[in-house]
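Read through the structures below before going on.
One chain, chain A, appears in both complexes that follow, with chain B as partner in the first and chain C in the second.
Entry: the complex of A and B
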């Protein structure tokens, strides 16, 4: 069927109006609606220089003259377009992203609309309000409580290196760039180069001049000429991705430039006996299974292991067996992406290791899909902390109380590798658990079932969002007071 | 040794003897191979409890199998966990250990109550794949012999080769403090001058510094016709990595040994038999490897552990009838592709990188030495 249809060509880049470059096409992607090829611009350092010059001009001519509330308004209108199921870019995303990323179409549809809701005006206001007592500080010098005035300035040129693991993660970064009046050059990953482009198009539909300060370009990570030029001109560099990606960019950024990295992190879940009562058990299992299944654990917010407390109506091994069955059902609903050989080997390695442990009667049990490496649950009768090879591989640890495993998480936490704890425990235990885990480096708690839906304004990897990118200029009280004497009319 | 072990040993030895001539038809004995493989598996399930428990878990006990291809290959990780042996490990004549490149604390162990089968397998394979129609050759070995590495299967392999196929004066040039390069070069020169063909043996990585030295000295050998070179094992980060093509070009330049007389051996501590490429056997250069009739590979889909179609890449499993004391089938961490009963080794399973900000298990280890177990 697909062969008979015409090839659709989709631009996998976004440039300010009036700029166009020669393009090449990507390998063909087969979608439900026929074959698609992505158009990729052929770039070199000179072209990138032109693009950056254009972005910077457009920024100072227009974006920098807008107020924060004007920008919020435009972003909100652009992203609310995405909440309409027949919005062309959304239709395209729902067709193309499953083919491009391998993630299940229904899972992408669900996650995408949940995600786009976090860009409503109220959420954007909250996002800024989270970090600025007085958001007008982004627009003008504002009085400080201690006297004097301050104003915040965003980067003039923000070079952002996006990762391709979760569709759309780049959108918050683009939003931040806009709120800070930065010209932005976004480098996308070929694993998912499209969402940032489509979002820029939505912005352009709302305000073409605003979008003219954005360029979204895919190139192969590590391309020396392009990255050197981008970094040379940018005053701030942000990078999202794995260790290698982050380190490769970091090595090129001189110390006087601002460098913000969101490197690899792992998340986990904790289930208290309160969530394992007969009436709650099934919901608990299906919520956690959904967290595992969405985006095949490729998000840093995805749980890689779960600690199951004794004393519930099922024990940890029963939980492992049941969540395995649930993952089996989810495979029908949201089939997992097909794996690269290396990914399959990594899962095989873990399965082998624990099959051997199980065979030796050492307290592990493996629950694994038989036909294919679609899902794997490994039960352990004593708690430890172990990363997962991902792609729906979950370690289930039995523990007496979830609080008991904190020391085992500590090394990974101290190394800065832990991020989200999805928890289901009694409310009286919340603060003590959060306190203890926060102390070792965990930076986000949420209920299971919503691990992948961080709220607008969350402290991403425990840090500020806008605050990390801005600089302040202060007018001190002495200046304010003493300058009065130079007024000719001063007594 | 229990009588059942003796019976099995005799059965395997008889099989090796019956199939001692290795040619393209050696794969024809499918039925005989299958029968003995299943017999071995049954024997091992009886006396090797770790293998039995694994087979039970995989629901692949002897009475649950239709073919030798269903025998569950034991992951080589298992050789690191606990003794895998039918005869009591403490009574073994020798134990061979893996190099422990990844974790020196955890070395795979293969127990050998006797070398009867191992020796028969090694010599029969070596004769066909390396020696061809030559009985003995002057052998110069670059890698440690068994007196230096008592627990190395490769060292025993090299020592056996010297004993069985070496003319007098054959020796290992690897001494306690490394390769005795000067003497090796002198002896090579002497062989060249006397027109005596030689057989060089050694680990692949051992050749690289030797070739570098030869280059640096600006010397060349034209070894006598019939001279041949065996390398084994690849690089595993031991020396700078070079391509196979580079290596064989250098062999030709530096030693005057053509590609058609170079052979790469693939062996493992966890096996008692060796594969070779069929270059010397057939006279045509190839990377495709073949084992003797008692050693068969399967390429498995990493997702399902079922055999893949010819030409598809997968993880290698080996069925070695000479592995009578441990596990007749093993699952390696190597990837390969099959074609007409032979396989090409493509590489080792490497850890996978996550696609973005999620930290995959492999990176945990890289990031901060956090061991996963």
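Entry: the complex of A and C
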């Protein structure tokens, strides 16, 4: 098309009211509605200092005066806006996120609406209730079962480093920061810098002064001056990312500051023979394929491999063939993002390795798309654990029983790499398998088809959520009795 | 290039299945007229797409519900391209496919049915009437009427829409019976729910999943699937196929 469409410019940052900075524009993004450029603020250490000073002042003037209940209300109202298909930020998200991330537009649309439902008031209450028997402990000193009183305090300034692989993960972090009445500085990844900005805008629409304690900024990873300033001022730092990102930030955070990392994780699936009966096998396969396809397997909860038990109507190799066909169909519905050379080579390398094995009769079989390495399924007739290069590359392992595989997963579990196991098994096996998986470090056990939708209150990476970010102050049990003596009326 | 030297008129071709059919016919060598009613911008994009792929096309605005407008349109096609060989009746009166907001049968009035009949059946009638003399003189022709597999299996009962399409199927068979002796084949093309079109936009995951589960090929149609079938019916390969209803729905519906 030679028609020159007007370029839309979108702010890829959020600042407290009254602050404005010089901006530059990012490279042009081509969307279904025309070209878009992102506005990125030009920053240096001094400017960041000013922003942080503003955030902190706004926090102490306003955010810190709100009760937890008032904050929940505001977050809920802000997120409810996203349940309206015509909400401007949602429309923008559906238009821009596919272009930015490369993920299929229909997949983004579906996942986004599912995700935003997890911020409704009832879910926020569940989230808090999960970790605090008495949620008021976030607001005031509350009596403890063991006597005395305690109160929880959140960070004064939270510096969050977000990743860009799954749009919207930053929103939970932002929510936690708000619930803890922290000023927050969120550094976004240029791979997906917008969801956090839009959420901050939604919050501002509900309560501008609340949103004034939030700043969302993109800057190139490794900008020493900015990172050091942010870390220097923050009392708590959280990082989402791969090993390199996490280690590079960790190295800069002094020991006395709280550092919380959500680092690299791998997930997998297990299919028992009960899920491979003639009437169940097709839906089992389509559920698992959806877990593989959304976000092109880039989520820490996406299955990288699946263990298929003997004894079903379809054997593991048949399963591999069928799930390959399903991934081929999903390519039509939710096309995979186009890959950088490096990512494509990683997949081709895996294919080549196993094609050779297949040719040598060593018990592998490769099912591969013909174009652009769009999807790959590798069947192995003996089980082990091997991560996948992602982007819809799935290892399918045959095993006698899924329980047999646990020892092979143990090393990865011990290294803290395992996160979610999605399974389809008979209900009588659930607890025993959960026990075995828990033992080796898996922290989430769920049904296939739901692997990418963790429920509110889950132990992210096996840890606490809000609890990891707070500190307590205790009024010791005996103090109140002892202090009575200083009241002249006491006898 | 199955359709070299052929001229095709596709109504309702500004977007969705119609646009894909137009593009596919052009890819196989036909000169294509992209008929549209209101979406000029979209129709021009379809034309652009054909031209960029090295094909021949132009867009033409007409309301297929008007005999006069259709007569003029068919004249123009024959003037510009010298003949008319293939007619694809895909246009219909504007319709909102929304399972959550459709009218139940007890909420319908006759006017709703009439409106759809005027579009789907009336439109096809007008176009066929205008094109028929040319096809008869030529001693060959292909008429393809786009219906829907909802006729056989109304998984979502769009009463007015599907009733009109049923009438279009009856129209197809009777025309086939009469025009066969002129070497004109008349067939119906029955797509299943097709992703990426106006007709599937409001269909939620639960309905999609139900349909996919019952579909042997385990997915919904994409416009390309329908277009491929249209190419078959437009080509000489289907020269002895007439009066048929070709369902393109991955096997959801089988048999007569």
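The criterion applied here is as follows: the second predicted complex is superposed on the first by the 488 of 491 C-alpha atoms of A that agree within 3 Å, B and C clash if a C-alpha of one lies under 4 Å from a C-alpha of the other, contacts with A are read in each partner's own complex, and residues count from 1 in each chain.
Simple rule for what comes next: a contact is a pair of C-beta atoms (placed from the backbone, for glycine too) under 8 Å apart; a residue touches a chain by one contact, two chains touch by 3 or more.
Everything numeric in this text was worked out from a predicted model, so none of it was measured.
Superposition of the two structures on chain A leaves chain B and chain C fitting side by side, clash-free. Once chain A of one complex is fitted onto chain A of the other, the partner contacts of A:326 are limited to chain C, with no touch recorded for chain B. When both complexes are overlaid on chain A, the residue A:110 reaches chain C alone and has no touch with chain B. In the superposed pair of complexes, A:431 makes contact with neither chain B nor chain C. For chain A, the partner touching the most residues, choosing from chain B and chain C, is B. Between the C-alpha centres of chain B and chain C, as viewed from that of chain A after superposition on chain A, lies an angle of 80 degrees, to the nearest 10. In the superposed model, A:283 lies in contact with chain C only, and not with chain B. Of the two partner chains, neither chain B nor chain C is touched by A:472.
Closest contact between chain B and chain C, by C-alpha atoms in the overlaid model: 19 Å. Across the superposed pair, chain B and chain C touch chain A at no common residue. Within the complex, the chain A residues that touch chain B are 163-166, 169, 189, 191, 240-244, 262-266, 297-300, 302, 304, 339-350, 352-353, 355-356, 358-361, 371-373, 384, 386-390, 411-412, 415, 417. Partner chain C is touched in their complex by these residues of chain A: 1, 106, 110, 282-283, 286, 325-326, 329, 332-333.
Contact residues on chain B toward chain A in their complex (touch as defined above): 50, 53-54, 56-58, 75, 77-78, 81-82, 302-305, 313, 315, 331, 333, 335, 349-364, 366-368, 370, 372-373.
Those residues of chain C lying in contact with chain A across their complex are 45, 48, 195, 205, 212-213, 217-220, 222.
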